[in-house]
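Read through the structures below before going on.
Presented sequentially are two complexes of subunit A, the first with subunit B as partner and the second with subunit C.
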Partner chain A sequence: MTAVATTPKRRLAGVKQALRPLPWIGPAVALIVAIVLWPVVVMVKTSFTNIASDGFSTGGAGWKNYHSLLQEPALGGVVVRTLLWVALVVGVTMVIALALAQLFNTRFPGRRIARSALIAPWAASVMVTALVFRWALDPNSGAINVVLHAFGIVHQMGSHQADWLGSPGTAMICMMGVAVFVSLPFSTYALLAGLQGIPDEVHEAARVDGAGRWRSYLSVTLPLLRPSLLVATLINIINVFNSFPIIWEMTRGGPGYSTSTSTTMMFILKQSWVGESAALSVANFVLVVIIALAFLRVTTKDGGLG
Partner chain B sequence: MEAALTAAAAAIAVGGCGSSSSGGNGPVTLKLVAADYGTGPKNTSQKYWQSIATAFHRANPKITVKVTTINWNNFDNQVQTMVQNHQFPDITEGDYFSQYAQQGLLYPASQVLSNTGNLLPVFKSQGSYNNTQYGMPFTTSTRTLFYNKKLFAQAHISGPPTTWAQVQADAAKIKALGKIGFGLPLGPEEAQAEALLWFLGDGGGYMKGSNWTINSPQNAAALTFLKGMVNAGDTEPNPATKNRTTLWEQFAAGKIGMINGSPALLPIIKSGGSLGPKDWGSVPIAGKTGALNSTLGVCDNVAAFKQNGHQAAIKKFLDFAYQDKYQLQFVKEYQLLPATTSASNTLKSSPTYGSFFKALPKSVQYPSAPAWAQVKTQIQNQLGTALSGNPSKVLSSIQQVAQKS
Partner chain C sequence: MSVTTASLSEARLRRQRTRRRISSTKLMLSVLAYGIAVLFILPYLEMAVAALRPASQLLAPNLLPSSLDFHNFTSIWSTGFGGNLVTSLLIAGGATVLVLAVAIPAAFYSARHRFRGRGVFLVLVLATQMFQPASMLVGIQREFLNFNVGSSTLELILINAGFNLAFAVWILNAYFASIPVELEEAAMLDGCSRLSALGRITLPLAAPGIVTALIFTFIAAWNEFMVALTFTLGQSSGRQPLTVAVNNYIGQYSIDWGHLFAGALIATVPVIILFALIEGRVVGGLTAGSVK
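This part shows the complex of A and B:
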């Protein structure tokens, strides 16, 4: 009897307890609902709506938008390109960042200047960086081509060979280079922070046990660096996947969709087919959420994020 | 003559002020979104429109016109985004979207311009939907083939080409000089114009009557011919990624033998400084078996959006902006052709513009079907891929979009 009587009371107290932090976290929650969750709701709704290219809804569309998205002949190529884009850009970035972080963790004259120089690509707007590279790669007068021409690598200015952004293959490689360039600062600093958190004692212990430099790096440094490596990789994957300005400014994803990833394709589709573009946005969103969840799981299991 | 016109227009404007009806008597702000015809900060259209807006505001203190100009490469996309987000401008000047008329978003021309009869009649049908005119031409141009006489002389070519075969032969000779034979801008900026000039060359085009003919065998043949030129290296590399503005500048720098252009190329040649007045020529567009006797006539339109309800204010402003002096100022600034009969009459005998005017009445226009905007976007994004792929396949996929929308 008594147990039954106390339960609602206790439950009420529990609710009260749970609501207590609300005044403090309320504004933040409201902000997230308004500017993160609500657009997601609208996006999903849009993907199931028939929307004319002038933005007027003409009723529900069911799965039609998703169906026509799957029928896009360019979709297969775009998916493959997106996977390659993310894998190569993130992979190369992390390898270079590991080396750079190691370098910046050792003392050398001018280290402070070198460290702050690395911030430059991070501080500059990605769009500006992409534009600078586009101009530098101009087939007729681009700075990079002028240098390559002087070294005899580019035989003739304005030729097919000098038109790096003109053919899809070389254009993708150039854009990946720019993506690595702008991703490096963050990755390096994340890894540098990780390196600085490793106490000297463990390296000393490894040395006493007779481990060489390489061995000590593989068996001591890398495992201890794992949490920052995971976090940096996760954030990079999401950033690179969503990367829009580099591709847009350098090739507009074209000709056709031949240098598009799913992010730029979404934007090109939007011009004519709002619903279909929203369907692709939903697919992109789901993918990013899955990646994020997978990594969160791995990292929290590790206790790495704590 | 001009002073009298200005005075008359000012009188209309002042008269209109007394009977202000839109939005009561409160101040009105009109949002004007225009394409930028300039090549840099020196001659940006922002200046042109702002000078009109300032003069207009002086005459009509209650109406402020907020001018936004957008680079041609982004114009369509940004206007479409504004409309999709229901942030409607009051007036646009640039590309015209007939589907907005179809959707009832636009004022008919007669409600926002007093003297619609003064607009060049050739372009009336292109701006019309169901026999009502919505798009009002503001500036026009016709296309001709420009060629570099210096390079032609160096390559020992006797005269400008009139047939495709001659174009290719001449381009090959110019290429041998280490220059670009033919400049082919099939990138997204204006692929729809360049492609049509070639389609017309063997009797193709976008529409016959009310049917889309994008995948016609003539169009495919034209693209196949171009593909051959590209593969032979007679054009610049990768034409699918090259835009008109860039190539026109290269022509002006003397690096390109031939290119299809409009009068807007003239100021670029002048400011380029490498080609003197006698170093280049302009002739009718080459066709498969002979020069075209009808060319592409392009007009950029003004459209007025209903959603903000500023009809009376828009009308006052457009009456003001369509004065001959502003039409002629635009001609002087960008070397395009005027879009009103009265302004054209003052230029008919001009040696620079005379030939372009003669071509106007028999010019071919873009389709006026509401699906055109959609089709044009597809042409801009996809058509260039025909040069490295299968022309018929690319054309068929664009045709499908045309029939679907």
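This part shows the complex of A and C:
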């Protein structure tokens, strides 16, 4: 009897069954495909196309765009700066966030209000935060320089020493500081969520076994915090790698490419060399995909899907 | 008898001493926490101070000016700032409406039904949460160059909706999945249709999730800078959202910091308040699936 299951009628019913989710899921899939996935195809195609400076395509370019990208004298420095930018910003952010999460997890009066002050840099536009820091670092009148001058660290207002954004080295350090500042709220909250998931009994058990505070943190809290630590680190890596407004607003990535990461270099290239910029975008994108795959592995390992 | 009382009171004394020590460390910790909290809002206070400086003291090397001046907040409207505010509202509002209209049915269906391709769909959603416009800006720009939709506002609505959709589906899926299907079935037994059961029972119960997705999408689109800069840089300034318009006060030789920060403050304060309303729930959504 079941052998005749694939009569035309049954097959039609099967198709109908398969199409049933379409009105519910279809629009979402269409929007994601058209806005998020299709640009990837366009981007790869563009990286193999000759684009004149007026934006019109003048035919295939083969690997030419990739060749000229590799021959950019600034590329080596940009790659090194990008690696340092991501590693230092994410590393410092996670260490400070661990301490902040611990601090804001202890009970004290007014904790809710204190905690919600933490979110300001997360809610505000990063562009705005970057501009405030550029203003506060002004060599002649910036608030940070006024304070440093009062403490005797800056010897004279308006001097070369007070012009922190004026030389690439100190400018990078300042911008990393801003990047840490805007990454802290999310990281701290993610770790706070992780800390709240750890039952009190675990700490009590550690105390009964004679573990000191520091010892119990290292061998009990930290391992249990691992999932949130991993997720927060990966999200931060992607955010910090893609970060554009801080560098754009504080130094425009210049002079030259001396304070650029690969994201700002891509943006600067795009203004006159679209094909080459597309080649760099493809490289950036491949890196993000690798990070995202790592993220998927971590999050789906414990059957987290659905 | 007297021995026991002595040791008892001694124990009490010791307990009191430890309690006092704990409360003094607690006091230190809370002072530290308040200090850090102030540090996090300090840049935004400095922004307000800068916007309120009288023009004559704008570049004075002091922390606080001798008087405050609200002139920047009244004169900013004659620089066309109102039009930028409207554009930002249109972009963020439009993107939010589109995201909710598309995400609610998708999240509901994938939470309630097992169907072929459900796993693929959920992986697509989870993976695209990791994609940001920054790493594919060239592709987005070329795509819209070929496929002209006519208005940069509409383009920015579509792009912001596309890139925020995944998070909304993800967080709503978790909410719908947590609402027992029996509640809908009971309503249907009482004579509700499938759709009115959804509208009367499920959606109200999922309201916290919907509000979270709504506010999160709105803020993300409101604050978005890189794509907006790319799509509206050469446009007439009225078409530019606030994030781009604020940068128009940066000239080649001088910067109108007063208007810049007045505008930035007007753009920032509402979203900080909105975000404070949903602070607790966003992290749960961002890390859903791994941190339970």
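As a working rule, the second predicted complex is superposed on the first by the 273 of 306 C-alpha atoms of A that agree within 3 Å, B and C clash if a C-alpha of one lies under 4 Å from a C-alpha of the other, contacts with A are read in each partner's own complex, and residues count from 1 in each chain.
In this section, a residue touches a chain if its C-beta (ideal position, glycine included) is under 8 Å from a C-beta of that chain, and two chains touch if they have at least 3 such contacts.
Treat the numbers as computed from the prediction; the structure is a model and nothing was measured.
A.B. asks: Touching A:272 in the superposition: subunit B (first), subunit C (second), both, neither?
C.D. replies: first
A.B. asks: Which partner, once the models are overlaid, touches more of subunit A's residues, subunit C or subunit B?
C.D. replies: Counted on subunit A, the partner with more touching residues turns out to be C.
A.B. asks: I'd like to know which partner A:163 touches here: subunit B for first, subunit C for second, both or neither.
C.D. replies: After superposition on chain A, A:163 lies in contact with subunit B alone.
A.B. asks: Have a look at where A:41 lands relative to subunit B and subunit C in the superposition and call it first, second, both or neither.
C.D. replies: second
A.B. asks: Quick one: is A:55 in contact with subunit B, with subunit C, with both, or with neither? Answer first, second, both or neither.
C.D. replies: In the superposition, A:55 touches subunit B and subunit C alike.
A.B. asks: Determine, under the contact definition given at the top, whether A:140 touches first (subunit B), second (subunit C), both, or neither.
C.D. replies: The answer is both, since A:140 touches subunit B and subunit C.
A.B. asks: Touch check for A:242: first (subunit B), second (subunit C), both, or neither?
C.D. replies: second
A.B. asks: Of the two partner chains, subunit B (first) and subunit C (second), which one does A:110 touch, if any: first, second, both, or neither?
C.D. replies: In the superposition, A:110 touches subunit C alone.
A.B. asks: When the two structures are overlaid on chain A, which partner does A:256 contact: first (subunit B), second (subunit C), both, or neither?
C.D. replies: So A:256 only meets subunit B here.
A.B. asks: Is A:77 contacted by the first partner subunit B, the second partner subunit C, both or neither?
C.D. replies: neither
A.B. asks: Show which residues of subunit A both subunit B and subunit C reach, each in its own complex.
C.D. replies: Dual-contact residues (subunit A): 55, 140, 270, 274.
A.B. asks: Tell me, which parts of subunit A touch subunit B in their complex?
C.D. replies: Answer in residue numbers: 51-56, 73, 139-140, 156, 158-160, 163, 165-167, 251-252, 254-256, 258, 268, 270-272, 274.
A.B. asks: If we count contacts the way the header does, which residues on subunit B are in touch with subunit A in the complex?
C.D. replies: For this pair, the touching residues of subunit B are 76-77, 80, 83-86, 97, 99-100, 103, 105, 178, 180, 187-188, 233, 236-238, 240-242, 250, 255, 373-374, 377-378, 381-382, 384-385, 388, 397, 401, 405.
A.B. asks: Which stretch or stretches of subunit A touch subunit C in the complex?
C.D. replies: Listed in rising order, the residues are 18, 20-21, 23-25, 27-29, 31-32, 34-44, 46, 55, 100, 103-104, 106, 108-111, 113-129, 131-133, 135-136, 138, 140-141, 143, 145-147, 149, 157, 181, 184-186, 189-190, 192-194, 197, 227-228, 230-232, 235, 238-239, 241-245, 249, 263, 266-267, 270, 274, 277-278, 281, 284-285, 287-288, 291-292, 295-296, 298-300, 302, 304-306.
A.B. asks: Quick one: which bits of subunit C touch subunit A in the complex? Just the residue numbers, please.
C.D. replies: Those in contact with subunit A are residues 26, 29-30, 32-34, 36-38, 40-41, 43-44, 46-47, 50, 59-63, 98, 101-103, 105-106, 108-110, 113, 115-119, 121-128, 130-132, 134-143, 145-146, 158-159, 161-163, 165-166, 169, 177, 219, 222-223, 225-226, 230, 243, 246-247, 257, 260-261, 264, 267-268, 271-272, 274-276, 279, 282-284, 286-287, 289-292.
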